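For reference, chains read A, B, C, D and E in written order, and residue numbers begin at 1 within each chain.
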Amino acid sequence: MTPQLLIAAALCLPLLVAVSVALFGKVPTLREGVTIAGAVALFAVVIQLTLLVAGGARPELYIGETVPGLAIAFKLEPLGALFALVASGLWIVNSFYSIGYMRGNRERNQTRFYIWFALALSGAMGVAMAGNLFTLFIFYEVLTLSTYPLVAHKGDAAAQRGARTYLLTLLGTSICFFLMAIMWTWVVAGQRLDFIEGGLLADAGLSPFVSSALLVLFVFGVGKAALMPFHFWLPSAMVAPTPVSALLHAVAVVKAGVFTVMKISVYIFGFDLLQATPARDVLLGVAGFTIIAASLIALRQDNLKARLAYSTIAQLAYVTLGALLAVEAGALGGSLQIAAHAAAKITLFMCAGAIYVATGLTTVSSMQGLGRKMPLVFTAFLIASFSIIGLPPFGGMWPKYELLQGAADASTAWIPAVLIVSALLNIAYLLPVAILGLMPLPGTPPAKEFKRPGGAPVLTVAAPLFTAALCVVLFMAAGPIGDFLRPAFAAGSVPGLEDLR
Amino acid sequence: MILEPVLTSAPDWAVRHAAVLVVVVPMLLAPLLALSPSNRLAWILTVAGTAAAFWFSLILLAIIQEVPGSAISYALGNWEPPIGIEFRVDALNAMILVLITGMGALASFIAWPTLAAEFKGERLNLLLCAFLLCFAGLAGVAATGDAFNLFVFLEVSSLATYVLVAMGAGKDRRALPAAFSYLVMGTLGASFYVIGIGLLYAATGTLNMADIAEQMPGLSGNRSVQAGLAFILVGLGLKAAMWPLHQWLPNAYAYAPGFVSMFLSATATKVALYSLIRWLFTIFQPDLAFESAVLQWVLAPLAMAAMVICSVQAIFQTDVRRMLAYSSVAQVGYILLAISVGTAAGVSAGLLHLFTHALMKGALFMAVAGICFAYQGSTIRDFAGLGRSAPFTMAAFAIAGLSLIGVPLTAGFISKLQLGYALLDQGWWWAAVVLVFASFLSVIYIGRVLQAVFFEPPLNPRKNNKEAPLLLLIPLWILALVNIFYGIDAGFPAGLAADGAAAALGLGAAQ
Amino acid sequence: MTGDMMGEASTSIISALLLSILFVMGVAIAHLRNLFAIVMLSGIYSLVCAAWYILVDAVDVGFTEAAVGAGMSTAVLLGAILLTSRNAKPERRFARLGPLAVCIAAGAMLIYATSDLPAAGDPASPANTGVGLTYLQINWADTGVPNVVTSVLASYRGFDTLGETLVVFIAGLAVVLLLGFGERSLAETLRKLKKEDKVP
Amino acid sequence: MKSDHHLILRVIAKTLLPLITIYAFYVQFHGEVSAGGAFQAGVVLAVAVILYALIFGLAEAMRAVPPWFARGLAAAGVLIYGGVGVWAMVQGGQYLEYQALFNEPPGGHNGQHTGIILVEIGVLFAVAGAMVSIFYALAGRVAEIRDEDW
Amino acid sequence: MWDIILERGSYWAIIAVMMIGLYIAFSAENLIKRLVGLSLFQTTICLFYVKLANVANATAPVLLAEDMPKDAYRGEGVAELVHVYSNPLPHVLMLTAIVVGVATLSLGLALIVRINESYGTIEADEIYASDVKVQMAEDADAARTSGEVVR
């Protein structure tokens, strides 16, 4: 297949899945089979594309212009390939998990769930492969709109309220800030929006005021990156079923947000302009604040999913931080964090979901000692927690290492301190869950009986175990991934970086 | 050239007289309708008349596009222009004519399914007659090149509009006071316009627009000309529902019969806006000092106030039609904001938004008309759960709603983007901020309806699922698909708007 | 020339007199609450206007104003009063300030405009030397109709008049649409007439 | 309305009505040379009908000039006016170009005269028809206009 | 000073009368009175136009015998006029405006008759009050039932 066809296939496969699910909605097995087949096929396509990219190619697909200067075009580069790989790979896992969860929980409207899930994946693929800001914005909105029904899936008043907050925050930031920034970019860049190595705006001769305003609009406009104070949509979206939370936190949505920030800093601004932009320092501060504040809030949450949600906010601010550092190591660290955090966070969520299906429990305090009954689930949770904290030999270590490196390169002394405090806080809010689950304090009452006979469905246990294993694999694979990504940052020329290995 | 087949297939007489036939054919069909013995025959004639007008306007557009920058001048009675009345069609009029005749044709199409049950006996043919006259009047306003003739056709269309609005009284008596206040405001607007024309006539001695434009550079300091501009602005602003002269609009749109609100929202204010553009840019020139002051210090603030205030008002409406009506006022604000920039890019963006707004508001009102017909209600509460009961109608509604918000890949996005470009290009970033904020407000009010439609259970479980009638669904989906198509390939409307803007700004200077 | 000047002066005086009568009647209409009186006054207002038109050589306009404004309008207004009510409620005091401000603004704008208008009666003003004069000069050769107003109305600007005819047509149509043809009540009346024939 | 205390009124009206009608036509066809024209004539004609209705009752008037006739007259008026324009077009001229009606050379006034007369007849019909319709519609809402109402 | 008043005075008088009409149209609560005000306003606009067309010492624009030569046709330029006539164009325009005015008036009156039939009043404030009452009842109804939907 030609690269064009591959890209088209990557975009259309999820749509195809959505249509077939709609057709086969009456037959659950067929419906889920189609989903999985589609996910596997998509993953295969993305791997092929990734191999092409690794070989130095940049597959392109040009659809056409709406008006001059506003083209719908796709172009895959290493960053996008990484994101596509993460999203499509985790879709397979998540699909298996969804089958167990949705059936085990006897959710209603399952067909609708699978349809919108597939559409959301299509949006994520579009974001990953977008060749310019316009295309990216389109698929960014597709992603927003297609996840809204998923968040509102339960349909009760709480779900609707949460979903409304979700939608309004994301659409509001994207329309008020992101779109504004895109329009402004379009004007100052001479009616172009392409992603260009070295930065589209690098030679536009922007005044510090304009570049600062643009940067602020972009960073807050990408509401999916969940930078404070536009983070509240993420906790309020916790009303969704767990596979959806996994989609939001690990597979597509927040990842799409931070990926967009990364892409803007590398391909729209470029490292040089970014470093010359006064607002960058303020935004770095906001990212640092988000990391600490979200971790502190997470500490106080008793609801497991809420705690994980705030953890996500903190962890993804790492990526924004890395992107804004505007040095190669920082960007690399941020990109690695996308992958590493995805694997770890999806594990955590799937564990939380498995616990919920089996026992109906949602609070951390009620889970003490539950690990005795569900050892596999809690082991997976423990491994993922280690990865989030950044302990070797788990995938979460490398991004932090690179970020520290980047902070040193960018000579900002306070960032390492933030990273260390954050790691300590991670330990404080994540480890007790797993450890108290496995080894309850003496005197705690025995864990509740399973609500569902037979405990968690097999699929909901196997999936987190698999992704926990992935965390380990990512530790090993960090080197090749770094090599794969590095060409993306090559144009942002900060010399004298160490090799990763 | 996409329109070439239209031109080559048209007979000679049609090409020669297209400029006037676009008005005369519906105008002369109207009295025939009043005499028509059968309602169905009357409806068929209406569709035929509007379709013919659409064909003529396409011919006009094709002729204009053959030679860029050209204009068709048709001397009525063969009296050379300053003496007789002239129909003058350039790229700007041609675009507006295509828009209003196209929307009129679609509106006439849905008149039968939505009205046949309600108006029995002899009244439907008279109602259609009034509709056709309104249509002809609007086409006349768009085609004429004579300042006073414009007033006459404005009154033809307005009087017909008042009675069309009042015909909603069969369902809701509030249509009557709505029509009455529309009548008072509309008449005041027309009177102000006439005063303005009088002042200009006193200064120039002619009524032909091109003639007035020619004399304008020498008269920039003339106070009666300046006052004339002010009166014309207020008069046409009343007709165009410029904030704060819009009070007549929400009730009129909310209580008129469904197809009437659809037609009016897509055409009536648009034509008034067109004449405003014609006056502001072709006849007066934006580089005249007093006019640029008016644009920047009067028009732009009013436009922004409309965008924000009326969007907020739209959020608090319980009736979907009133909500859409307030949204229309806000959208007029968008267009006026674009115009007030005063550059070619601005006028072009304003025209594009005018075009796309007609498409999306037409579709929205059409869908609401269908729902009103099928379910007898138009509050948001009545809309709850319709996503299941009337999926096709509501899907089209959703597409048009997203276009109104300005979601990418819909026509609304393109026009808003152009608007933002025009503003930022001029350094009006504060206006661009208002633009995006108003767009966000539109997310809220459209979102409220869409949420009720797709995610809330119906108030009373409906016994049977009913779609809007098929005759309405077809034009509705045409509009919805056009909304998407122009979101993907906006070349055609963007080209029309750019040509129109060039024509608007160029006529006075070129002569 | 003295005769002309005398004539001019007397015209000015009569014109001023008529305009002040109009002003007084306007104020009276604004103050009155009896609708019947208001309608009658507006009819007389039209008649005074008609007289003024004839004074300033606009005979056609005067004729039309007398027939349409004083005759038809009054008849229609009276019909409407019969169907509704005879008296208007007094207006609220504070409600008058807004309209007053609008009127003052519009009036000020107009007075501002008059400062650059040509003097009244100036034969060399743009309005009187523009197309208007051309009509007088070419009319006889073109149409052979002595009344220039007629030929401008029906020929040079015939399309305006067509629009105007349409407006009248729409008005008739609209009233019929809103109120019916009167046929329903005709049937009623006929029945009543028959009854009266039988009963006495 | 059958009582006889309006006898004098009736007699005067009966003599006046033909005069009013004739005056209307005078105004109509004399409009070319002196003040007056179709609008005024149309209104005067309508006033004749209105007067008839006021004196002899609405029902009588509607029997003499039926509502459908008034409405048809109005429509016919517009059609006549527009039709003249179409006639000129068919003859190869512009819309409403009276000169083209008989394809005269410049200077010939037949076309202009014919055109203006036809057009004015159209206006007369439209105005008279519409005004009578309006009067019927308004007056028809009350069953009868009683003496006390005036 | 006197010159100016003589030249502009008639305009000012007309403007004053015009504003009375506008004031009535805006301030009257009674719908019929409002329409009467509107028609006064329109009539006075006609006065303004006709005043524009006025030429001192002229006659009405009906050609006198001296200005109607035999066998005249417009081959080369325009004719010389023996007499002075007032400007016919504004007269024509105002004929149109008067007719438009009466058409608007009768349409408005028909609306008023219908309003009176369905509201029982022709005072704007009373109509508004009764509309507001209906609207509030509808809103309250909507709020109540939508609350039930959420439950």
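Basically, a residue touches a chain if its C-beta (ideal position, glycine included) is under 8 Å from a C-beta of that chain, and two chains touch if they have at least 3 such contacts.
Bear in mind the structure is a predicted one, so any value in this text is a computation, not a measurement.
Touching chain C and chain D at once are the following chains: B, E.
Shared contact partners of chain C and chain E, listed by label, are B, D.
With centres computed as the average of Cα coordinates, no chain lies farther from chain A than D. The central chain here, found by comparing per-chain C-alpha centres with the mean of all protein C-alpha atoms, is B. Here the two chains linked by the largest count of contacting C-beta pairs are C-E. Between chain A and chain D, the centres computed from C-alpha atoms are 80 Å apart. Centres computed as Cα averages put chain A at a distance of 66 Å from chain E.
Annotation: 45 Å between the Cα-based centres of chain A and chain B.
A straight line joining the Cα centres of chain B and chain D is 36 Å long. Each of residues 27, 30-31, 34, 76-77, 148, 152, 155, 159, 162-163, 166, 195, 201-202, 207, 456 in chain B touches at least two other chains. Residues of chain E found to touch two or more other chains are 22, 52, 60, 62, 72-74, 89-90, 93, 95-96, 99-100, 103-104, 106-107, 109-114. Across the assembly, chain A contributes 160 as residues in contact with two or more other chains. Interface of chain E with chain B (complex): residues 22, 25, 31, 34-35, 38, 41-42, 45, 48-49, 52, 89-90, 93, 96-97, 100, 103-104, 107-108, 111-112, 114-115, 118-119, 124, 127-128, 131, 134, 138-139, 142, 145-146, 149.
The touching residues of chain B, counted against chain D in their complex, run 13, 17, 20, 24, 27-28, 30-32, 34-35, 74-78.
Contact residues on chain D toward chain E in their complex (touch as defined above): 33-35, 37, 39, 106-107, 127, 134, 137-138, 141. Put simply, chain E touches chain C in their complex at residues 6-24, 26-30, 32-33, 36-37, 39-40, 43-44, 46-47, 50-63, 67-69, 72-74, 78-81, 84-96, 98-107, 109-114, 116, 121-123, 125. Per the touch definition, chain D reaches chain C in the complex via residues 2, 27, 31-37, 39-40, 43-44, 46-47, 50, 57-59, 62, 67-68, 70-71, 74-75, 77-78, 81-82, 85, 95-96, 98, 107, 109, 112-113, 115-116, 119-120, 122-123, 126-127, 129-131, 133-145, 149.
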